[in-house]
Structures are given as C-alpha cells and as structure tokens.
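Chains here go by letter, A, B, C, D, E and F, matching the order in which they are written, and residues are numbered from 1 within each.
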C-alpha cells in the first residue's frame, strides 16, 4: 500500500486549467496532486541565430524550466543550476520530437515551465502541460499565414503526434507510478518516461538511486509508464476538445 | 474618462487568495485587474552572515522580485536586471519599515514576489501582497518560541504597523490612481507610494516620464495615493480577519 | 545646530573645476564639502543597438556611477552591486529628462560619475556635476553637424532645461539640507530631489530610514530641496558662463 | 554493413594506458577508436561542505567532464555549457552507484574526464575509464588509514561492484553498438547505458533523435548494450590485474 | 628629436600630491605629463583567508589597477579584462618585493591605482605612486602596535628598500625613456622596468611590438631605465621628507 | 649540483610527438621532463570581429592556455584565473611576433595549449610546442588558396622566423636553465625568455621572487636562455624536417 493509499499503477489527480493567464497565446496551469506547474508558450516571429543563414530555416521550439523559490521547503535559491539546465533540455527535446519545423514556419516558440509548487514529478508534468501550451500557441497562429515555401500554414501539419510524460520508480522493491516527493526521496530507482499519444517512446531515463536494477524491474516500470501515459494523453485530448489537431 | 471607464481615484478590482500554495507558511496570490503576483514568505531559523557576530542579532526580512517570462508580451528573458534589483530593494525596505527585529528574534524571512501576469503596478502590488505573506509567516511561528533575551515570542510585538502600496501618475495631464499597463506607458509622471495602515509615508518615488511636474501635480498625486492605500489597508485587514495582530 | 555648524537650510561649500581631464570633451571635478566626484562625458557617434532600427533614431544619454575603492573607509570592493545600478539609473533618467534626442542627433553620450571621495550625497552631486559634463560635451559638437532630418545641429535646441539635485532628510526630527555622511547615517528619513533650473520636479525619492513620516515632514523637506537646488542651478550657470545655452 | 566495416554488435578497438601522468594517484588514458579521454582522479582528505556537519560523514565521489577545444572540429569554445554539466552529473552518479561511502572514509575523490579527441561515445568512455582512475586512487590509500568508526580502511569494502558504459543506437533502422561520430550524427535513436560488472543497470538514457521508437527497438538496443558492457568489464579487470578488489 | 621635444633620456614632468583624499591613510595623486593616477592604500586589520591558518601569518600587500572609463578616448568600458588583471599582478609583486611581512604584522594593505587620465606609462606610474601610498599607510600605523611575536611595530623595519618603475622603448630605432601614448603606439619594443631605490632589478618586462630586438638594444633600454628610476626614487624621497624610513 | 644532477646550462629531455590527435591540422604533444603540454591549432576561415571592417584584414593568431585539473597536486580547480589569462596573452604575442598577417590571409588560427602534467616551465614549453602546431596548421593550408590581394598563398611567406622559449632563474644564487617545479619553488629570481630561431629577443620577463637582482645576475641568465633556445630551435627544425619553411 502506498503512503497516500494509491494503487501502484494509479496516477495522482490531474487538473488542467487552460488560458490561466492572457499575456501568451498558450497558458496552462497543470497540477498532479500537490505539484503545480504554470506552462506558458510565447511566440516570436523569428528563428534562432544559428538558423538565420539557412534558406528555408523552418521554425524552432525551445523550453525553459524553473522552480519558484517558494515552491519548496527549505526555500530554493534563484539561480541557474545543472539540474534545471538538464531538465529544460529534456523538455525541449521531448516537445521537438513531435513537431514538424517546416510546417511550423520561420517562428520560435518558447515554452516556459515555472513550478509553483513542487511535490515530485515536476519535469514530467512540465512536459505534459508544456505540450498543451505549445499546442494552443500553434492553434493561435492565423491559418492565413504563409510559409517560406509559399504553402499556407496548417496547424494539423505541425504535429506528428502528441507527447506526455510520467515518472515511475521502485519504492520498497515495488514498482510504482507517478511518485510524489515522499516516495521519490526513498525510491531505489527513479525513472522518467516520455511517450507519444500513439504509444511510442520519446525518451527513457532510468537511474539507480541506491539500488541497481535488473531487466525485470526495468520492464515492470516501463509497463506502468505506458499505462500512465495513455491516461495522460486522454486527459490532454479532452482538455483541448474538438480543435485537437492530431 | 479612463480607457477602462474607471474614475481617476478608482482602484482596479483587488482579489486576494490566502494559502495559495502549501510549501511556505505564507502564500498569497494577489491580483489587481490583470496584474497577478504570487507572494510567498519562507522562514529560516538563522540570521544573515553580516549579523552573525552580533550578540543579540534579532531577525531580518528580505525580499526578491521576479517577473515570469510568460507574464508579459513580448516574452521577458530570465535574468537579473537593474530594474528587478531596484524593485526588490524597494519591497524589502518597505516591509522592514514596520518590523521590530528584536521582537522577531534570530530568524530570516524571505518574501518572494513572482509576477505571474504583468499589467502595470507589479511592484506596489508585490508590497501589498508581500506584507500579507510576511504576516502569515510570522503568525505561523509558535508562541512558545523563546527569543535571544529570554522573552517569549509574541507576533503582536513584531509589527509596529501594516504596510501597503499603490501607483499614481499623470495621464493626459490628469492625476490618476492605480495605472494599468496602457496608462503606465503613456503617463507623463509615474509615482509609487508606500504608506502604513495609519497613513504615514514609508516611501515616495516620483519620476518624470517625459513631463516635469510642479508642486500642484505632486500634491494631487499624493492625495490619490493616500486614499487608495486606505482602501488597500482595509482589504488587507479583512483578508486576515480576527488574528490581525496590529 | 548641525554637527558642522551649518544652518538647516545651508549647503556645504560647492567647488567645480571644469575641464579637469582632457580625454573627454566634458570633464567636471565637483565637490560638496568632502564629497568629490569626477564626472566625464564621452561622445560616441552611434546610437544604442535597440535604436538602430528606427529611421530617425535621434540620440541617447546614459550614465554610469561608481565609487572608487579608496573613496570610503572601510574600503569598498570593486564590483557592480544593486545600489550602484539603482543610482546610475536615477542619474541617467534625470539627465535625459531635459534632453531633446532629435535635436541631439544620432549620437550617444555616456556620463561617467566616479566618486573619488564619499561623504554623503554622492548620487545628487553626480547629477549636478554630470549635467555640466553633458553640457560641455554637447557644446563641443561642431555646429556644422547635420542631423538626420537635414537640419543643422544647434546646442541650444538640445536642452529644454538644466537639471540639478540635492539630498534632504530628517535628523533629530529636524529637516535639513545636503546631509553629509554623519548626518546621513543617523537620519530618520532620507530624500533625494532632482529639479530643473526653472523649479519643476524631475524625481522625488523619499525613504523612511527607521522613521515613517507624515505629510508635514514631507512638505518641509521639499521646501529645503527647492531652495538648495536654486542655489546649485545658479552655480551651474556661473560655471559655464556666457555660452550657457538654456 | 557499418561504414567502418564493424558488425552491429562490435565494439571499436579499446586501449587503456594506466598511470599515464604522475600528479594524481589514478591516471588512465583510454581510447575507443579515435575517441581519447584522459581520466585522472584526485584525492582530497576532506569532505564536501554540505557533509561537514554530519558526525561520521563518510566520503564522496564527484566527477567533472570537459572537451578540450582541439578535440573536435570546428574548435569547441572553452566554457561550461548545459551539455557538459549534464554529462558530468551522469558520470558522478554512475561512479557513486558502486561506492560505499562509509568504507571510503572522510575523503573526496574528484574524477576528471578530459576529452583529448572526440569521435562519439565520450561520456560512456569517460565512465569506463573514470572507474579505473577512481579504483587506482582508492588502491593508493594506505591500508593503515583509520576510518571514522575506528575500523581500518579496506579497499575491497569500498566497491560493491565495477561499472562501465557504452552507447547504442538505431542507424538506418538497425540497432548498433558503440557509435562513432559519423553514426551518431545520423542515428534516429541514441542511447547510453551504464551497467555493473555483474550485469545490472545503473543508468538507462534513450532519446529519440528524429525517430520515435517502440518497445522492440528498445529491447534490441538493451541486448547490444549488455553484451558490449560485458566485454568492457573484462577489459577493466584485465587492466588492473591481480589487485582487482571486487 | 621626440615629438614633444624631450631628450631620449628625459622623463616627463612628474607631480605628486600627498593626502589628496582623506578616507584612506595613504592617498597620492601622481602625474607624469598627462598621465594621472590616484593611488590610495587601505588598511585592514586581518590577513587574507589563505594565511589564516598560519601561526604567525605576518601581513600582506595587494594591489588593484583600473582605468576610469573617461580616462581615455574612445571611452573604456567598465569591466575586468586580462590586461588589468596582468597589470595589477605586476604592481602587487613589485610592492611586495620590498616589504617584510613579519615586520608589517597581521594586517592587509590594499593599494588601489585608479587611472584618471591615460597618456602612456600608467602601470609604471601606478607602481611609483602606489609605493608612496603604501608607505604613508605604514607610517600611519601607531608605533605602539604589538606584533604577533611580541615585538613592537616599527615602520623602519617594514621596508627593505623603496621601489619605482618606468617604461622604456624603441621608437624609430631610437631607445627612449618614459613613452607617452603617441610614442607607445608606434614603438617597436615596449619595456617596463621596476627597480629599487638602491638600483637593483625587481621586474624586467620587454616585449617585441612588431620589432624583434638584439642584445644591444636591450642593454641600451636598461641603461635608460636605470637612470630614469634614479630620478623617480629621488622624487619619492623628497615627497615624503624627513619621515622617510628607508 | 642540481637536485636532478643536471648541469646549470642543461635542458631537461625534450620529446615532441607530431600529429598526436587528428581533429586539428596542427597537434603537438611536447614534453620537457615531466612537464607535458598538448598543443593543438585550429583553423577558422574568418577574421576576428574587430578586423571585419578592414578592407584587406589579413589574418590573426591567438592562443589559449589551460592546466587540466589533474595536471598538478593538489588538484587545480577549473576556472579562468589571472595567471592563465596572463600566460595566454604571452603565448599569443610571442607567436604573432613571427607571423606576417597579410601573407596568412583572412583566417584565424587558435593555438590551444592544454597542460596535461605540470612540473615547471609550462608557459615556455607551450610557446615552443605551440609554434610547431601553428606551423603545421599553416602548412595544411592548400597552396592554391587565394589571398585578398589576388596573390597565391605561400606558407614560406607567413613566417619571418621561428620562435621558442625557455625559463631561467637563480637557485641558491646560481643561475640555472629550464627549472623544474622543485627549483622553481625555491628560485630567488624567475625569468621567461622568448627568442627567435635567429637569436633575437621577442619577450623578456624577469621577476624577483624574494631576491632582487643586479645587472650581473640578469646578464648571466640571458646567456643561459640564449644557449637553451638555440637547442630548442634545432629540435623544432628537426621535428618538422624537410618542409621547414623558414
């Protein structure tokens, strides 16, 4: 039995609030239990410097991740650290895996994931919520926009798939889904899995946290993650509703 | 007439949500119209390094201010800048003006003001909300705590007063209260006023923004600010209710 | 009675040396009692990056403020800090308030205020001296220069006014003018006022330093500042002499 | 067929030179094909600051990773970047997974992995070589050393296992072992696997590089990695010879 | 003939103003022609961190060098650069070469050399003036101070010698003394020489600036430097007068 | 007698390995006794930003110097410091002294000197080895390259001379050549000399390290350096063989 009475394969309650703020076209407040992340996506009609010399540069998607100082106790100091840098690289890679940059056209979307409250699983929730903010931003681009190649912009062509993520781990030798902070801090193995809505892997990151693990434990965690991400993908689709373009 | 139909002396609608997050003893989500600030206050049972060598160092209160990248359009880059540094110095000074550090005892409270959405007046709203987060944190300290001098901690002795702030300015030659972004960007004079609940000044900062101003315009703005802060002080008191210690 | 026998409304002795160094067109060594600031103004025939895309960008004026390590005891470490950044923003705003950027033409003037000796009032003296360095630099521009619009450069059109500044405060419950370090460190209220030569306000910054203040004390300080700045404006005009263009 | 005629499950030629430099107790020059890494391990008889307040703090192992500017073409600028930070965190975690800190005693070992030439697989080769440098450093500690608990230091108790790493990936839809740069830059999936000498997982990091992957492809890569690491573990053991303590 | 009519072996006019500012015990404004440096020396009654663990740590002398932005045209940006760091290391080494740290006792003297106007030879003038500021600071230490060893502080024992510096170079194939900026920028060889008042070398730094040089040219420059430093040493001694302790 | 039985005028054994790595056209592993430096030279077909506005900008040569953390004991932290900056400026100046930038054409060569093991004399060995890496890089440029002026690139015209360097010093009052770390740390005078293959000076840097020195000691050291550099120049020439272009 888990400390909060969940089943090993049970997610925490997920809530999604679309359009939480107005300054950016995509703004998602997403929570899983007590973990709360504000994901906003800003649109910039230019491409990064390293793409400027390409003839038809296509677009770019990048991400930033940050924990607010008051999101955790003791207070987290404001400063870039290796952990944040590593997490935002993961978020960016995961989102880019389902985007067609030619179809996006010469624009940059920056997805900011700011953790308002941290209770485990902030990086995976940032991916799940960040995808929705990215999607809303793409949907906000007028379909009269012209692409570099002379074709008309079509949001349906931008995404090859949806993407979501969840953490799994081994706590007391038991594989479990969606660890909160208490579980995370006692887990022997910690794993983050990113998958598409159609069930393929985008990223698998498993780490021994005091307990090396054999193939059986690895497989059991991958099963839990697959089932959890199926549920998260359904929640994403329901949140967007009819305009879901994928 | 103002662009949003307010009277010159009318505040935007103020909302305060107490205990918005759980990780810190004080957590206030405050909004004035479309400006939204999350104020959290963290408690640390030590004093700053430069106070460590004092015999009875008393406590300390400090503040940090930050705008989330997605709080504004175009997106604001994540980095410390002169403006943020200046604002957080103002917030810290304003809060410290009403705190008795001996009564607080040897602890440091850090008030973090993170702007989730920026539509003008973020620094003054940070002071008004930050005071509430600070107050809740002081109220969370058990009254069995002993101070350095052997006296018992009493939250009523920590605060000599409450503090709140508001912006005023001159728009189209008309002094107005609580400017939003549209007004702020066309104002000829921009002024931030910090006052106690009992009506004294803590800080007055008036700046010519393209329009130098005579004594008459200065006085008119100070009147508006005084009236606005009276209303904000009442809202603060109502928010905390019976345990209001001042 | 003040510790140095001055009257409450009396300035410290002011000395101005014009053309103190030769490397820059404006170079003013200004002192108020034991506070000494070297103000130099450098001319650059380009505009800041953020103005480069404007068609007729006009000019720009910016300021930097720094205390030499040996200007104070104990020695001040060489490093940018929040206080310096805040002060140089104030100096820059104050100087820009009286400059017409179109009349200046596409050039940038940087006013450097380096404090050689600090005995209170360094930021206000930097404004008073910095204006003179700026003025001399503008006067050094040949009047055969053409502006973007095809008009001829005229230094008389660059300045709408002169600008000077002084500190006031409340020491032992008595409002006083032009505080030195000893007074500054015991003042209950600290205020910096920037005004034009014609007597209008450019900036008002009053801060409670341990003593909140009512409207009466605020007004008394504003009176002192107004009188002090009148004297400083006269000294500025006398220093420049016949070529004074305003 | 691979571009360098290797079989899909074939490692590049591995060379290990023990004691390459003399300034540190562990110094390993390791190469896999044209990838060359110098791994040195330095011993410091103190513990990190964050462990100093523990009563019996035990030891610590940390790692740093850096590519020399001339290790690649075009030249890599000297500066810390997110990629390096992420890689050195991986190396540190991997080495710590097999170390008993109480048995190590209150000392810190820093393993520096400096890439002299980069042709793919630098992070995994750093782990494989870094373990040997770490091992040699532990072997250099005199066995007369006393631990905090009064027990005598025994290098055999420090390591619960050996650790090695290899990259795998999917190139032209074919899972392959130990990618060089040419393969790495065209791979659809890129995976780094860290395992112990006894065949358990320490870290699994798989990333879609333009190609999402299903469970079958994931499993095939894990098979290749397992076989590759068995060979690397044997090479490690042979390199150290009779004093191998595990 | 030199462009300013000096003989090859002639110094520029040297002026020294002792006690230019009051905040530090040593404060020297020194000029050589149009090069002007303010040298202040601050006294701190502690030793650097790396000396704290020594039983009788003795004292320390360190130097910092900086050019004010307005000291040169075009304006020099405020920021630490390699050149400044190299120069302040040279100044520090040169001053330390004549100081007995045991006789100084456990205190740190920081000599700040801030260039107010730069016309060549700023680093050597900083050494010549910095020595005077250091000397005045040592003379300000009360002779009742006790040293770590129980002996009484005696300024006469602190200095084994005086130190001064000058630049020499080869301009138009002619060795010349004390180059100004115009000569410096066309010199084929640039050399800085630091010597004691008794005529021994402390530092010799000769650099080919477009012209490699043979032994004859090197010797000719060393002769010029020796003669120049004799004059500078005499000026130093005259400036301090009867209390000269060496 | 020296501690390692060398004569006062005897170099340590010099070894040079050409083409040590393949990623850069010049790659030299050079050692003098236990000091080992890897010198690589990278070619970039552009000129530095500050040369971009010149019509026929010619080329540029720059150098970077770094000690690997494990090159010394105790471990050296990875970070830029004043010493490294000063050394790489010396290396760059020395190499540039023998290069004709017009003959090089509009390209930048960066010479990286990474110290793998430090036992004294790292900066001078970096110059001696760095020149060879630079030379090999110039030799790698196809002679069909056209220069800005329409002339054909000719490596023979790029170098006016070869350059090499050595340290000398005074140990136990005896001038000695090519100090190792043990000698260096007890030397009273430390001197680095850079000369061309034809015997002229490029740079002379002599520093009193606790012992001021008269002209006689200076001359004796210069003799030793001259003889040492003759030998190093011969080794350089032999290493390159028939294609030696000077």
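The criterion applied here is as follows: contacts are C-beta pairs under 8 Å (C-beta built on N, C-alpha and C of every residue); 3 or more make two chains touch, one makes a residue touch a chain.
Just so we're clear, the structure is a prediction, and the values are computed from it rather than from any experiment.
Looking at chain B and chain D, the chains that touch each of them are A. Common neighbours of chain B and chain E (chains touching each): C.
With angles rounded to a multiple of 5, the C-alpha fit of chain C against chain F returns 120 degrees of rotation. Centroid to centroid, with C-alpha atoms defining each point, chain D and chain E lie 51 Å apart.
Chain D and chain F have CA centres that are 34 Å apart. Per-chain Cα centroids separate chain A from chain D by 29 Å.
Multi-chain contact residues of chain C (touching two or more other chains): none found. Touching chains close into a ring; read starting at chain D and passing to chain F, it gives D, F, E, C, B, A. By the touch rule above, chain A contacts chain B in their complex via residues 21-24, 27, 34, 36, 38, 40-42, 44, 64, 66, 68-75, 78, 110, 112, 114, 116-118. Across the complex, chain A meets chain D through its residues 82-83, 85-86, 89, 93, 97, 161, 196, 199-208, 210, 212-215, 218, 222.
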